[in-house]
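One chain, chain A, links the two complexes that follow: it is found with chain B in the first and with chain C in the second.
Presenting the complex of A and B:
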């Protein structure tokens, strides 16, 4: 057994608690292996290539403890600002990694779909869970992913059977509370969309309370042949701007001729690290991921993408934008691996950052690894300030400086938010952007 | 939503002396005196003098690099240019002391030589904000969405601009002609007192040129003035100016009536350049 250093003791203690709980026999070996891997890797330092620009020393220094079930003091009122109205498929609320039925709202869903908590599904849908849970997101170098696998408690489970098109968006809200001591929560979601099915899932991550917390969340999405999954991951500033450490992975395991459309929105948190990975394992499939980050103060947001084009004729599209004010820091890393046989791959990656202050900083790193010879792969990154020419143009028509600036930032963000197909979420995020801008609410009317 | 687009400065009633001055200069809309401007230490305007009265159309012509666009941009308040000497009086006020947006609310309009593309912001959206900022500044009621829309319909028609373009991002994916017509459309909506057109005619085919000219001609009125910056005489077949000025090396080398444009067309800029070189 690998020797644990002092800094990891809190996690080892947590693992003992999880280990002692009853669970399916197939899961325990997976947890154990993951814990061993985490012990081996440790919380990453900036010497680690994938963590070069994101210093998680604050996470390493804190002694997080697993939050207990219940007694969390979360009321519908407290989470209301973060919940998106319009999720007619239901809103599932998880507090500190546990499903909270009282805070959740059922929706109207077609017959055949299974939606609920992973903890329940482990026995009710044992076969599917054993087949998919922790089987797809398997990056062995990712310490936080290993930690999540070792300590995962609950999360959203969605299964859409063959041919079923679910029109009602399903929402999962993950709340981490920290009232007196630093807490940590581990949620794990599984979405399985069978052949020719379609579903929309919205994840909202937020923290309540005033003490630092660590919120780890991993979502595995299995996109069957000819299926379409729309997935949204929103990380919101909670009651405090900078006490939340969010680490998460969204992994798409894609079959043939399928579409995965993802949007990652980050509007707060001390450190938000989103890994998005996709395995394009069937010909003719598409992975589209758009993102908007808007942070300020001393917040940091890191979007790490890794797409594997394993077979021919797949397409991937990544378009990430960010607005950084004050001392905010942004990191973007986009890796595209085109495997040897993945001919006719068409991959495009764009990262645009807008710096609103002289102190804001962005590191953008595209990485293309291409082993096929007949592919189209492009990437582009821009980092800049508001365009003086555009600002002058608006002002030359009579708009005051502040209003013109706000309008330009809003336009920059809105262009990205246009990609959100779930309109209530788009409107909610637009409103959030407005609120952040000086005098922003005026534009809200239109 | 209070106070977004309104003017930062509270307007005060002009004092007696100031009032008198406004009276005297009522027809004298714009007076440029000995204007020097440079960019990054390089002097481009070297003593421009120009007076424009209400109701007049002035055409500023000249070879490339003579300072025509600089003059237009300085009038609109672009801060890339540093005014090192001289003054500009606009309707009795010191124009150089005003911010670009303040000038716009006071009635100055610049049609850009290269209209800017702005992603995510559509023309209608920002134009309504701009128009309302101006209306508020002049103590008028703000237009609501419905009123604004009917105004837009009417004005878009005058420049034959497809309304659908106006709900797209500003100038994004517009053709060259559409961009220029969008400038004239905005001018028609904002109804400026002093309109400066910076090479609006450049690169237009004859149909677009006619549309743009017609848009300008419709706006001609006794209390509005135009400064047309152009490189080509052709525009002046459609918009007949009262005065033509030739700018050479940052100074007005020659002024005359509309016939000066024809003479220039015949003899070329070299003719004036030569004369101006002899004079200096």
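Presenting the complex of A and C:
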């Protein structure tokens, strides 16, 4: 009990700081309600069904302080390896939850689109933000989501007006640093794609600190009728082992006949929890989410998906793959809710895990909740190791054991990476997979 | 805690155990649950001291527990003090043969379509009929005892084979396991005990029919089956209950223990009263069933056809402890009207090269909710473990729900896991095809559903398979259109 109070105090102190800052009047009640909600829920324990396999005790034990603006010492060189080069729509860098203009690069964007920081948009685009910010990702049971709503600082804001097709991908890089004290950073992004528009957004989350930090990021995506949004989230927290905690949510609110494609790549972090939720609220819409997790050491990656088919004639597709080495731990939970009368729903969910070590561990929970009768829903999960026969085949052709293993692992990952339509990002992630694998460089083409 | 006065009171009461007011000759205990009732049941059963101690330990533990609420089922709160925990049919004297069984009881069986005489005649089936908590007739006992097989009511086994009961009771489902298992441990009335000695293959299918007859009588059966090295036994459990308006609670415990090379096959057909069309009445079936493959190369197979009960909440599980042991689970759960079923299995792989196979078929119609909930856990030491899971759901009508909640936990990289699930409805084209050939829609649906469940029915012993198909057809009545 004593620990609980201490923990709440650390977050309550942070809330006082946020509360004291001037903000729009409509936002404060939302923040207050969220903080009250968080105080009620507390940091979840493994007794909570949605956190059964993800023990966040290390987060509960630490006293994180809200990161300050500036003075972070992040240089363009330090973040260069993480930035994807092909983002011609511009790269927006946020350090510890604050927009950093100096590190950002502007790109070529068509007229009509609004891209910038949420903190600025709160006053500049007040109407739109009031309508959408913190209105869609509203899971009452999610303590970290409530905490993010209460303490959110800044993030990427994208608004694409009706009928505009934006061909240039827009990139946002979120850097968290912690050099002397454990810090926490809260970013909140909002992407609004109006009717018949199209846009591609890439989110890269990077941890550079030497001591533990907590990064929380929530992205709300409003996909208008007939619009198409491609969204990528790459989580590379904690290049140093065991210090990066990441808790994030992506929520898609979909209209009629629209397409939302999402990709979640996780390659590191002591604990990385990604929630992806979608509300299919208009007929004929499609939600596709693919993912690849590749972790090692004592890392933990948890992907939680929840798709609501609220109306008939929608399709959803989930395809998640994971490679776990050493003592790594993978968690997957996928839930498809087919609401009453959501007939002709077509939903498919697949989770495949590859264990490379005897100590690695995977928990998979593919779930279906169906309240309509004329639907097609399937889910599948497999967990296994590398195929001995395939390994033998490659060995018999003179390939070294390690290289053969690497090739097979890459083949496993590639199927998932193939779904990435933004080629520079695909190349970057493929290279990252190879780098991780012994003798992987043998296979890298120029 | 309690004030000194109440402690004193309790002490006085517990010391005064033989002064309990209920007449020991009476047929039922008064409703309610207390230490006295536990003592009463134990005394009634003429149980030894250690059995009573075990019951009391369970009862005290139960008092500290709260009812679980995680299952995907809804029902009004149960008042555990309203239940009669013991009821026995009137018994004038000790029975030596079937002829002495009360003709009225036999008549009830006849109405239910399982005449005892015929059962007796049916080659190879020994019936230990449990009628409201007390076994009234046991057949084929001699033939079995010749081979060293013990098949008797649980209470008899407690008296006659205390060493076996003491060794195995609670070894698979400990008294503290869960709310309903603990309640059962405290107040279990009767059940069956089977022991198959080393190397013996049981020559017939053993079967028991459980009935719930007296109003407001919770049935707390306890079954224990032990197969020693190389033994083989197949056990059938079939359930029917007459129409009753009040919700009745059934919290049974089944424990199976299979030693080296032993095989236990446990089949259930459950068609208790599911409540009427508006969801009034029906049985609450909250059962704990678990088998332990303790020895190497042992095998436990669960087959169940669940068509009855207002609420079914059961997870026949296997603990695969011995190397190379095999666990199987085949299930058909059919819900109609306002029935709710939350069922599935748990496969816990501990030994090396252990294998498990799960096939679950859920059919929901009317306003019913059907849930598959299962866990497959591969522990660190379970090298080369293998699991295959398939759970298919079929929906009839747009007011029902089908849900799947599988939990897959793997701690060993050499494990192979596969899980598949599908949800669908009966195809219009299939129905049309049948109609075209002069098969009316109701029969067509029944045919298609039976085909859907065939994989599971194949696992049932012959006579059960026939019964199961009929049951499914009856349960489906009125669900077409």
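To be clear about the criterion, the second predicted complex is superposed on the first by the 438 of 446 C-alpha atoms of A that agree within 3 Å, B and C clash if a C-alpha of one lies under 4 Å from a C-alpha of the other, contacts with A are read in each partner's own complex, and residues count from 1 in each chain.
Keep in mind that, in the parts below, a contact is a pair of C-beta atoms (placed from the backbone, for glycine too) under 8 Å apart; a residue touches a chain by one contact, two chains touch by 3 or more.
Bear in mind that the values here come from a model prediction, so they are computed numbers and not experimental data.
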In the superposed model built on chain A, check whether chain B and chain C fit or clash. fit
One more residue to check, A:408. First (chain B), second (chain C), both or neither? first
Is A:264 touching anything from chain B or chain C once the two structures are fitted on A? First, second, both or neither. neither
First (chain B), second (chain C), both or neither: which does A:378 touch? second
Please work out whether A:392 is in contact with chain B alone, chain C alone, both, or neither, and reply first, second, both or neither. first
By the touch definition at the top of the document, which applies to A:355: first (chain B), second (chain C), both, or neither? second
First (chain B), second (chain C), both or neither touched by A:306: neither
Quick check on the superposed pair: does A:292 touch chain B, chain C, both, or neither? Answer first, second, both or neither. neither
Please give the nearest C-alpha separation between chain B and chain C in the three-chain superposition, to the whole Å. 13
Please report the chain A residues shared by its interface with chain B and its interface with chain C. none
Chain A contacts chain B in the complex at 387-390, 392-401, 403-404, 407-408, 410-415, 418, 439, 441-443, 445-446
In the complex, chain B touches chain A at residues 1, 3-5, 7-8, 76-80, 99-101, 103-105, 109-110, 112, 115-116, 118-121, 125-127, 129-131, 133-134, 137, 145, 169-170, 186, 190
Show which residues of chain A lie in contact with chain C when the two form their complex. 49, 53, 340-341, 343, 353, 355-358, 360-385
Give every residue of chain C touching chain A within the complex, in rising order. 70, 380, 393, 395-425
